[in-house]
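Down below are the structures I want you to see.
Two complexes are shown next, each including chain A; its partner changes from chain B in the first to chain C in the second.
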Partner chain A sequence: MLLSSGDLQAIWLTVRLAGIVTLILLLFGTPLAWWLARSKAWWKGPLGAVVALPLVLPPSVLGFYLLLAMGPNGPVGQFTQTLGLGLLPFTFWGLVIASVFYSLPFMVQPLQTAFEAIGERPLEVAATLRASPLDAFFTVAVPLAMPGFLTASILTFAHTVGEFGVVLMIGGNLPGVTRVASVQIYDHVEAMEYMDAHRLSAVMLVFSFLVLLALYAWRPKPVRGA
Partner chain B sequence: MKLSRLMPLLLITLLGNAMQAQAGEVSVAVAANFTGPMEKIAPAFEQATGHKALVAYGTVGKFYAQIKNGAPFEVFVSADDTTPARLEKDGLAEPTSRFTYAIGKLVLWSAKPGLVDDKGEVLKRGGFDRLAIANPKMAVYGAAAAQAMKQLGVDVALEPKLVYGENITQAYQFAATGNAELGFVALSQIFKDGQYAPGSYWLVPPALYPQIRQDAVLLMRGKDNPAATALLTYLKSDAAKQVISAHGYEF
Partner chain C sequence: MSGIQARFKLDWPGFTLDVDLDLPARGITALFGHSGSGKTTLLRCIAGLERAPQGQLEVLGETWQDSRQWLPTHQRSLGYVFQEASLFPHLTVLGNLRYGLKRSSDAQRVSLDQAIELLGINHLLERKPDRLSGGERQRVGMARALALSPRLLLMDEPLAALDLKRKQEILPYLERLHAELEIPVLYVSHSPDEVARLADHIVVMEAGRVMASGPLTDTLARLDLPIQLGEDAGVVLDAVVAERDAAWHLARVAFPGGSLWVRDGGHAPGQAVRVRILARDVSIALQRTTHTSIQNCLSAVVDDIADDHHPALSLIRLKVGGSPVLARLTRRAAVGLGLLPGLPVWVQIKAVALVG
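And then the complex of A and B:
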């Protein structure tokens, strides 16, 4: 076997994490991107800046604040404890929530651009045909923005797979729970197990290349005349 | 432009550079647990010798990988004795230069006052959810913690409660932020200038874990750098030893 069971466990965990984060962000990122694309409210700018923050912030900053916020004395930690959920650091769902923040701009920004590109016109036409706003969104905007959805989902998935600093800060390196592939590779290097590090790194390299190839080579054209 | 006016400035600059070159610089890699004392030793070393120590802090495994791949470190202040020995065998360290600059102490610590008793009974009693340790696979303090738990016969029972820091600094961070109620940390992290940090602690008896011998070594790149040899000499001086023992290390 090329990869050890620990490596396979780490890969499976990574895929599960990235998949769940992508689904959650599709659910919450879409209305947010829609609002950012359409709204004329004054706080659209500040909100857009907050969404983009994880692009600029070092993961160590994000991880450090999440560790404090989710800790027993932090606001999030006190909230989850009141709900009887315990503390989030060192849990899989803690990682999910951290990754949702970390990958937020990778979902919202491509979607926002796609929605903005549609413009007002198709939706106005839909409205004259008596489509409700919700109806128009699903039958007009979503098909037109399909390439945006694809790009956003692939980028979000890939970016979560590549996550390292935040996981290291709040994960606690628990096998099968928070030890994702990037951390597993780091562990191999730290333990001077360079062959193991090579194998898993090669798998990650091939995977990342294929994802990006899919993104660049196979980009569907927007549906016309929907 | 009048060159004559610039001349004095130029001379000063050149002279300054020359003096700096004579004083010299040494690039040194320091294990994370020794951060506290090194932050005091580096300026004192500069004051005493005129040499400047450019210090990088990190994990031993990372430094090993970097040094093996040509990192420009001249002195390595490790957290263990096996990695410097390994560098010697790889021909990357000067064989006769290695010495033990400190012996590390393991301590069980909680940011909560009163949680840790002075016999470490809390490990058997329970009443906590998370216990942070450094990763035993790669950090000496982690390996020491794992060994101590085994000796106490609590390793199996505590296994589900363990969370792993990539190094001892992160184990401390988990405990200091309260995300883990307990943590096995280095004494140097909670004992500074003869004072214990707030919270509660238990000094793990040395019989429970293999001695943590922390070695420093001259790397091949620093072989001909007087500043590098001067730093190793300074680490053995009484002034440095005073700082080191004030941080809870022994010799």
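And then the complex of A and C:
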């Protein structure tokens, strides 16, 4: 066996984390991107900037604030405690929440671009064909933005797989709970297990390359407007 | 039976729409005007794609907008044909046709098959929109709106994006639609030819206001407000082909008040056609002249006289039987002939255009 059971556990945890984060962001990022693409409100700009923040912030800064918020004295921490959920830092779900923030722009921005590209007309047409706004969203906007959905999902998944700084701040390094592949590699290097670090790094490298290859080579062509 | 009552007030930076219209419940009503005259905005207000804060809209007895309510577009029983066909690119032609049909709760006055047949798109049903020509796309767009069996059909310059050849390809379908269906149509256009060919009723718009509204023939014959369809004032008359003279390639078309010889357009006797007579092609004589090249000479009565746009010119409205005809003369000629309302005269018509 090439990879140790610890490595496999880390990979499985990484895939699970990235999958869940992608699903959550599809659910919440889509309406956010829709709103950003179509609203004319003045605070659209500031909100867009907040969504883009994780692109430029050092992950440790993001992780630090999330740690404070989810900690025993933070607002989120007090809330989860009143609900009887305990505290989120150093748990898998704490990691999920942090990753959702961290990967937010990778879901929202491609979707926003895709929605903007559709324009007003197809939705107006749908309205004249008796489709309610929600109906038109699912039967016209979503199919037309499908390339955007694919791009956004692949980017979000891949970006979550690649995170490290936020994981260290929020999740720490608990095997099977928060020890994802990137942290596992770090551990191997710390322990001077260069051979193990090599193997896992190679897996990550090949995975990342394949994902990007899929994105660039395989990318569905946008449906031509008529 | 009630028609369409539309009252809208809209204030945008640099543009104001202020209209109060009462339109008939049948036939094609052309909204005619230059670009920027507000005709498309008016159509969008009627469709609910634009929301005029002050407005009142009743369509065939159903209130779509008043001070208390505003029906969103998808709850209005309308069909809308956009300037570009705007077909859904992810659906086939049939998918496009069915999209609205599935969602419409209107009584099926027009069946899907009828719409497909009427626009001649039977052979296109399985294709995706990007495999269609511009003219075919627009026909599918029309069939899609029609298949909804709407109470009202709105068309926003459906031919403007097409070249002349494609226009000629679609116009006959529009004429069939006009002849075979009862659905009232509001047709936005800036093309004099389309209006002369299709419209029963015309609304002339300028700078967001209605300049004139009425039956096409009467409105075009108004002297207080000469409506120029294109380069010159003139009238459009509904006529029927009475006989054909194969030897000379001519056809005689009869209208209320007389008949005219026109170039044979290939129409069978009994077929309805429209003729357009421009004011500049009509001259007036007090006696019937026989030694002239002009073949169309009709007995008429002077109805009204007005100044034309140039001080040297007069515009004369004549009654040929029940039909109005406009003539443009120099004022000197009009005074020299002693033209007065009620005077019987002969009109000589140099050119008549068959418009459909």
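To be clear about the criterion, the second predicted complex is superposed on the first by the 222 of 226 C-alpha atoms of A that agree within 3 Å, B and C clash if a C-alpha of one lies under 4 Å from a C-alpha of the other, contacts with A are read in each partner's own complex, and residues count from 1 in each chain.
In this section, contacts are C-beta pairs under 8 Å (C-beta built on N, C-alpha and C of every residue); 3 or more make two chains touch, one makes a residue touch a chain.
Values in this document were obtained by computation on a predicted structure and should not be read as measured data.
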{"item": "Partner chain(s) touched by A:Ala191 [first = chain B, second = chain C, both, neither]", "value": "first"}
{"item": "Partner chain(s) touched by A:Leu129 [first = chain B, second = chain C, both, neither]", "value": "second"}
{"item": "Touching partner for A:Leu144 - first (chain B), second (chain C), both, neither", "value": "second"}
{"item": "First (chain B), second (chain C), both or neither touched by A:Val108", "value": "neither"}
{"item": "First, second, both or neither for A:Leu25, with chain B first and chain C second", "value": "neither"}
{"item": "Touching partner for A:Arg121 - first (chain B), second (chain C), both, neither", "value": "second"}
{"item": "Contact residues of chain A, present in both the chain B and the chain C interface", "value": "none"}
{"item": "Footprint of chain A on chain B - complex, ascending", "value": "59, 61-62, 64-65, 129-130, 132, 135, 137-138, 163-166, 170, 173-174, 177-180"}
{"item": "Touching residues on chain C, where the partner in the complex is chain A", "value": "47-49, 72-75, 78-80, 82, 84-90, 99-100, 103-105, 129-130, 132, 137, 144-145, 148"}
{"item": "Touching residues (chain side chain A, partner chain C) in the complex", "value": "121-122, 124-133, 135-136, 139-140, 143-144, 223-226"}
{"item": "Parts of chain A lying in touch with chain B, wherever the complex brings them together", "value": "67-68, 70-73, 86-87, 89-90, 168, 170, 172-174, 186-187, 189-192, 194"}
